[in-house]
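Scrolling down, you'll hit the structures one after another.
You will see subunit A twice below: alongside subunit B first, and alongside subunit C after that.
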Partner chain A sequence: MKALLAATPKRALFLMAVLAGVLLALPAFANAYILSVAILILYFAYLGQAWNVMMGFCGQLSLGHSLYVGIGAYVSAALFVHFGIAPWIGIWASILACMAAGAAIGVLAFRFGIGGVYFALLTIAFAEFTRIGFDHLDWVGGSGGFFLPVAQREINDVLALRGSPAMFYYVMLALTVAAFAFCTWLLRTRIGYYWQAIREDPDAAQALGINTFRYKMLAVIISAGMSSLSGVFFAFYYNNLFPEQIFNMSRSIEIILGPIIGGTGTLFGPILGAVVLTVLADGITELMAAFGWEIPGVKQVFYGTCMLVVIVFLPNGIWPTLARRLGLERREGGPHG
Partner chain B sequence: MPLELVANVTLAGLLTGLVYGLMALGLSVIFGVVRVVNFAHGEMMTIAMYAAVVLFAAFRLDPFVALIPVAAAFFVFGYALQAGLINPFITRPEHTQFMLVLAVAIIMVNALLMAFGPDARNVPVDYALESFSIGPLLLDTVRVYAALAAVAIAGGLFLFFKFTPSGRAIRACADNYLGAKVVGLNVKKYYALTFGLGSACVGAAGCLMVLLVDVTPLLGPGYTLLAFIIVIVGGLGSMPGALLGGVLIGISEALAGLFFSPSAKSMFSFALLILVLLFRPQGLLGKRP
Partner chain C sequence: MAETLLSVRSVSKSFRGLRAAAEVSFDVEEGHVVALIGPNGAGKTTCFNMIAGALAPDAGEIRFAGRRIDGMRPDQVCLAGIGRTFQLVKPFAGLSVLDNVIVGALRRNSHVGVARRKAHAVLERLGLEGKRDQPASALTLPDRKRLEVARAIATEPRLLLLDEVMAGLRPTETDRMVAVFRRLNEEHGLTILLIEHVMRAVMALSREIHVLHHGELIASGSPDDVVRHPAVLDCYLGEEAV
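Up next, the complex of A and B:
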């Protein structure tokens, strides 16, 4: 930790302290709308971080991360609704279920040597398969949706995930910070270095004696487990689940947009990407409403255009460029700031 | 369940599957040669379907005729897309290319949504309800014609790749990028040509498909996935494989709709994909890499 602080420029530490202060104090002065946007940003920042473990660190492209969000959400919600099991217990079942799903996909793909685009398609196939399955699973409401009883929001009860939006904000903030710290730590462990070796050149990594199968599995399982938490959060924050929404491929795309726009493989990229995209999307919605343009699709066209511009002109994402401009890069070098 | 019904549904699935096959052929050609994941394939398909709708509404142009200008326009569009946008990206990592094409796809879907709204459109041709009857079997006229047209176009493309100098050059680029460069082929030009041809296929397939189903802007991503499934099931880079994959998926969709529910039909396609990926990853007619 000391070494980490010493290697980080003073300016970066100062900016992070200011950011932490603003984030902690936000519910005190923000209105309900700003708070809901902040929660959404943190939600995508967290999920982006989880996805980044697989793609950014280990180089395994998943286009079906909505699978883990959906399973995490449905498992905890079903345990709560059908058996009255509180989310702080149900969350463990969610994590286990998602890790099992991730492990199943990992074993199938890596044992049979499915990589690259094929692996990405396999992840989509599993997510879509599960979506249609849940559409026909009447125990959790099928395609008609699954609804959690909405309790009074006067008492904040973190263990039951019942309370005011401010409580949900702090829960999501804590998750995001924890994920950030966890990923920072992971990158500095042996596992992190093995992952980066696999990402850069799987054959060379294997030749060096790294058990690529084991470490790729580990990346998928950790990423799936992390994603499941955001699913639990989603279920208890929104109180309704529809397979069509939560497992949808466009959800998976939303998850990966943040880290890619922000900078794949970096620690701040997913967070920055989530901020940029969410603010942009909500800003456009507000702007459209202000002008009275209620044409469906305008927002997404703008969104897609922004994405195109970033990809063409900033292929490594916004964060690496921004960090260099602001002089926030770590002194020892390396792209992982 | 009466046997005639099952036979009829299977046959209809087979005919629809051939149109799917033509769509997937476009993807297979692009993916097989340029190695870029065209994630806008289904979106291009829906654009072609709307083009057919508009041409019919404006000039009463039969989709079988509209197919020619639409395919030509798609060729130009595909060529420009590859030459202008994707060629600079061919040496970039896969996920970057993917995001690039995805951005194009998002713009396409929502531009259609802006232009046409979310309601379903169709092409009400006069012969829409006619059918051939062969013994106990009843075949929709449009379905038969659409399938025949799809096979004819696929056959034409096959002959082009097999026998023309450009076709041979494209196959060379697909086999060995560096080798093709060494013998002096302008690889980027042939990539653009390939993307144009693949786009023309999907343009033609869209004109045929609009005769069989109603079109909405949101069909796009579904068709993209479908095309990928077909290509992988049939075998990447195998032209007969794309048609075979299309037929298999068409039949599996039709039977799933009959025996279970139409909403579960893509579940069977995904199951088929997972099985093929696991037990024959090169696809049914693909060669081992």
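Up next, the complex of A and C:
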């Protein structure tokens, strides 16, 4: 920890302190709309971080991360609605269920040598058939949706995930900060080095004694477990779940846009990407509303344009370039933030 | 001292009917430097890949320190104590030179701090310390070959497999590399099996030479004997080599 601080430029520490202050104080001066946008940003920053573990660190492309969000959401919600089990307990069931799903995909793919594009297709397939399965699962409402009882918003109860938007904001902020810290730590351990080696060249990694199967499994399972938490959050924040929405492939795409635009494999990339995408997308929607225009699909077109611009001009994402411009790069070796 | 560390027995491998290795047998004694030479396509790299676990032999048996290793995965072979380099270098392009070597050093040390210190020492030895913070993708080919060696040495192997690490080096650089391997061999008792076309290096380093041609071992012996061997002159070295 001390070494980490010493290796980080003063300027970066100062900026992070300012950022922390603003984030902590935000609910005090932000209106309901700003707060809802902030929650959305944190939600995508967190999920992007989780996805980044698999793709950014270990080089395994998942295009079906909505699977873990959906399973995480449904498991906790079902336990709550049917058995009255509070989310702080249900969350563990969600994590385990998602880790099991991730492990199933991992075993299938990595045991039988399915890699690259075919692996990505497999992740889509799992998300899709799970969506269809939930469409017909009447126990959790099927395609008609699953609804959680909406409770009083005045009393904040973090353990029950019931309370005001400000509480949800702080919960999501805590999750995002924890995920960031966790990933920073992971990258500095043997696991992080081995993941990056596998990402860069699996053959060379194996020749250096790395059990690539084991470490790829670890990446999928950790990423799935992290993603499940955002599903639980989603369920108790929005109080309604539809398989058509939560498992949809476009959700998976939304999850990965942030880290790709921000910078795959970096620690700040997913966060920066979430800020840029959410703020701009919402800004455009607001702008359109202000002018009284209504163009369906404008958000998707905007996402596509963002992607195009970043891939053409900043193939490594915004963060690596930005960090260099601001002089925020770490000095001595080690994986780069 | 001279115990057999690696023993290759009647190993064969075919690719769609093409015999890349036919009943190849040879031993590598502990502490020796042994070279595998022969014309292009003779099956040298195929032999390496079978020893390193990248390919499973169709027939035959490979033992390392008495243990069967044929058919093991490459990571298991590495854990058993064999380090290898790739003829077509495979650096972790996006990582720094230092991080590349740390990955190798982590094989024996689970703690990154310890592995980093080891990595520094290995880079020092190979003359790459000055470039440690560069991304591996920025290195020239000779430096990439050096990095390939550094990474393999960092795993602290008992046997090091070198696949044409001198190719493309200038003579002075070759001599430097030879000196590095000689020191590793003499000071640390590292056993080395190398594939090499640069005869200058082969002659300077090796105690024994095995010659492959069309997948078959056609000659074995001391460097002086092998370079005079009629079959070797005929298929590989040419008359003027002696």
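Just so it is clear, the second predicted complex is superposed on the first by the 334 of 337 C-alpha atoms of A that agree within 3 Å, B and C clash if a C-alpha of one lies under 4 Å from a C-alpha of the other, contacts with A are read in each partner's own complex, and residues count from 1 in each chain.
Criterion: contacts are C-beta pairs under 8 Å (C-beta built on N, C-alpha and C of every residue); 3 or more make two chains touch, one makes a residue touch a chain.
Computed from a predicted model, the values in this text were never measured in an experiment.
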item: Touched partner set for A:205, first subunit B, second subunit C, both or neither; value: second
item: Which of subunit B and subunit C A:295 touches, first, second, both or neither; value: first
item: Subunit B versus subunit C as contact partner of A:121, first or second or both or neither; value: first
item: Which of subunit B and subunit C A:136 touches, first, second, both or neither; value: first
item: Partner chain(s) touched by A:150 [first = subunit B, second = subunit C, both, neither]; value: neither
item: Partner chain(s) touched by A:315 [first = subunit B, second = subunit C, both, neither]; value: first
item: Partner chain in contact with A:194 - subunit B first, subunit C second, else both or neither; value: second
item: First, second, both or neither for A:55, with subunit B first and subunit C second; value: first
item: First (subunit B), second (subunit C), both or neither touched by A:249; value: first
item: Partner with the higher number of touched subunit A residues, subunit C or subunit B; value: B
item: Overlap of the subunit B and subunit C footprints on subunit A, listed as residue numbers; value: none
item: Sites on subunit B touched by subunit A in the complex; value: 37, 85, 92, 94-96, 98-100, 102-107, 109-114, 117-118, 217, 221, 225, 228-229, 232, 261, 263-264, 266-267, 270-271, 273-274, 277-278, 281
item: Residues on subunit A engaged by subunit B in the complex (per definition of touch); value: 55, 61, 108, 112-114, 116-118, 120-122, 124-126, 128-129, 132-133, 135-136, 143, 249-250, 253, 260, 264, 295-301, 303-305, 307-308, 311-312, 315
item: Touching residues on subunit A, where the partner in the complex is subunit C; value: 188-190, 193-194, 196-197, 199-201, 203-212, 265, 333-335
item: Subunit A-facing residues of subunit C, complex; value: 52, 54, 73-75, 78-79, 83-84, 86, 90-96, 98-99, 102-104, 106-107, 110-112, 115-116, 132-133, 151-152, 155
